[in-house]
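We just call them A, B, C and D in the order they show up, numbering each chain from 1.
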Amino acid sequence: MIRVQEKDFDVGLELSRMTENHHEVGAQSVFVGLVRDMANTGKISSMTLEHYPGMTEKQLATIEEEAHKRWSLNDVLIIHRFGILQPGDRIVLVATTSPHRTASLESCQFIIDWLKTKAPFWKLESGPLGEVWVDSQEKDERAAIKWDTEDS
Amino acid sequence: MIRVQEKDFDVGLELSRMTENHHEVGAQSVFVGLVRDMANTGKISSMTLEHYPGMTEKQLATIEEEAHKRWSLNDVLIIHRFGILQPGDRIVLVATTSPHRTASLESCQFIIDWLKTKAPFWKLESGPLGEVWVDSQEKDERAAIKWDTEDS
Amino acid sequence: MRLLYFGWVRARIGISGETLDPPRNVIDVYSLIDWLKMRGGGYQEALEDPTLIRVAVNQEITTLDTQIHHSDEVALFPPMTGG
Amino acid sequence: MRLLYFGWVRARIGISGETLDPPRNVIDVYSLIDWLKMRGGGYQEALEDPTLIRVAVNQEITTLDTQIHHSDEVALFPPMTGG
C-alpha cells in the first residue's frame, strides 16, 4: 500500500496492521526517515516538502510493484509526507514483510534508496541562512544505481 | 539498550522513545522477527524459545557495543523474547538510529545476522510431528561470517 | 501545453505552472527549454544550465531529448530529493 | 564444575544442569565430552557427534579444545538459533 499525505502516521499501528492475522510473516523490515535539526547550513527551524501530486503516487506505486517483482514479499507499505515539517517529525515510513528476513531487509533498503532519487519530492530547509533547497546527493544516485546494475 | 524478556513489547512505543526529543536522528531502521505458522514439518501450534540466562544479556550487549564501534549511531535497541510463543507473536525487535540512513540500515542488518548465530537461543517447534528442534541454517552462518570478513 | 515547475525551478520562475502554446520548432524538451529561456527573467535564471534540469512528460520521468506535443503535461524540476 | 545443557543437548541428557567433579584427565572440553559420554544413556545420545556441539565457558563462546577448570561454568548446546 502507498500513501502520500500531509499528516503524521502512527508507526506502531501501521506495522501491527501488516502482521496481525498474517501468520505467514516471519520478518518485517522498516525504515523511518525523520527531519534532522542539523543541515549543512546549520540548525534548521523547518523543512518544507514539495511534491508533484499525481506523479508521486504513480512513482510510489511503481516502486512498490518493482519490490514485489524482485522479492517474495507478503506486503509493502510506503507512506510519504509532504508540507511543512519540524525537526524530529517523521517524513517517510517504508515497511516490507516476508516469510524470510533477507527478502524483507533487502527490499526495504531498495525502496528507500529508490525514493531518494526517483520520488518527486523537493526539500526546502529554513535555517540561519534563510531558505535553502536541499541538493540531491551523488551518493544517493550511486545507491539507487547499484540496484539497477544488480538487476542486470 | 538491550532487553531479554518473556512478555511482548510495544513496537510503536519503543520506536518513538528512540526518536522523540532526539532531533539529531535522521534515520531509524527496524527489524521485527515473528513466529511463522509454517515450519519445514508443517503448520506449527507454538514455538518455545529456550535461552541461556546471563549469557544472553552478555552476548546482546556485545552485539550492541560492536554496532556502535562499526557505525556512527545515535542509539541501538535490541529486545529478544523467550518462553512459549504462538504463530504471529513477535520474537525480536532490532532498531538503530543515526543521522544518516546507511549507518542505520547496515547496522540493523548486521545485528539481526549476528543474533541468528551468536545469541544463545534454541527454538522448539510444536507441530504435526510433535516437538522438533529448529536446526541452525547454513545460510545464517554465511550471513554472519560475511560481517567478519568485511571487517578484516 | 501544460507546464509544471517544482523545487527551485518553480521558485526562480515564480509560478508553479502555466498553459502555453509553444511554436512549431519546439519539438522536444531541449527546444522547449531554449524557448522558455528566451522569455528572460526567472525562466533564464531557472533554466540556465539544462544539465541541472530533470523532466517528466505526462508524469513519466524521461530525458531532455524526448519529443513533446501540445497535449502533453511537461514538468521541469531539479533532481529529486525524496525519502 | 558447573555444567549447563541447552536445546536438544538438554532434552537428550534430561536435565538442564548439574555440578560434577570430573577426574584429572578432563583438561579440555573434548575430554569433558568423552568423560560425560561414558556415563551412557542420554549423555551418549546427546554428545555422540561432538562436531554438532557448541560450548561456552564462563558464558563466553569458545572451541572444544579450550582448557577447563573445576571452577568453570561450562555450557554444552547445539548451534544457536536466535533472532
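Just so we're on the same page, a contact is a pair of C-beta atoms (placed from the backbone, for glycine too) under 8 Å apart; a residue touches a chain by one contact, two chains touch by 3 or more.
All values reported here derive from a predicted model rather than from experimental measurement.
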Greatest separation from subunit B - chain, by CA centre: C
Length of the line joining the C-alpha centres of subunit B and subunit D, rounded to whole Å: 26
Distance from subunit C to subunit B - Cα centre to Cα centre, in angstrom: 48
Inter-chain centre distance, subunit A versus subunit B - centres from mean C-alpha coordinates, in Å: 23
Junction residues of subunit C - those touching two or more other chains: 83
Touching two or more other chains - residues of subunit B: 33, 101, 112
Chains grouped in pairs wherever the two touch, ordered by label: A-B, A-C, B-D
Of subunit C, residues touching subunit A in the complex: 4, 6-8, 10-11, 56, 59-61, 75, 77-83
Residues on subunit B engaged by subunit D in the complex (per definition of touch): 33, 50-52, 54-55, 58-59, 80, 91-92, 112, 115-124, 133-137, 140
Subunit B to subunit A touching residues, read off their complex: 10-13, 15-16, 19-38, 87-88, 90, 99, 101-102, 104-105, 108-109, 112, 143
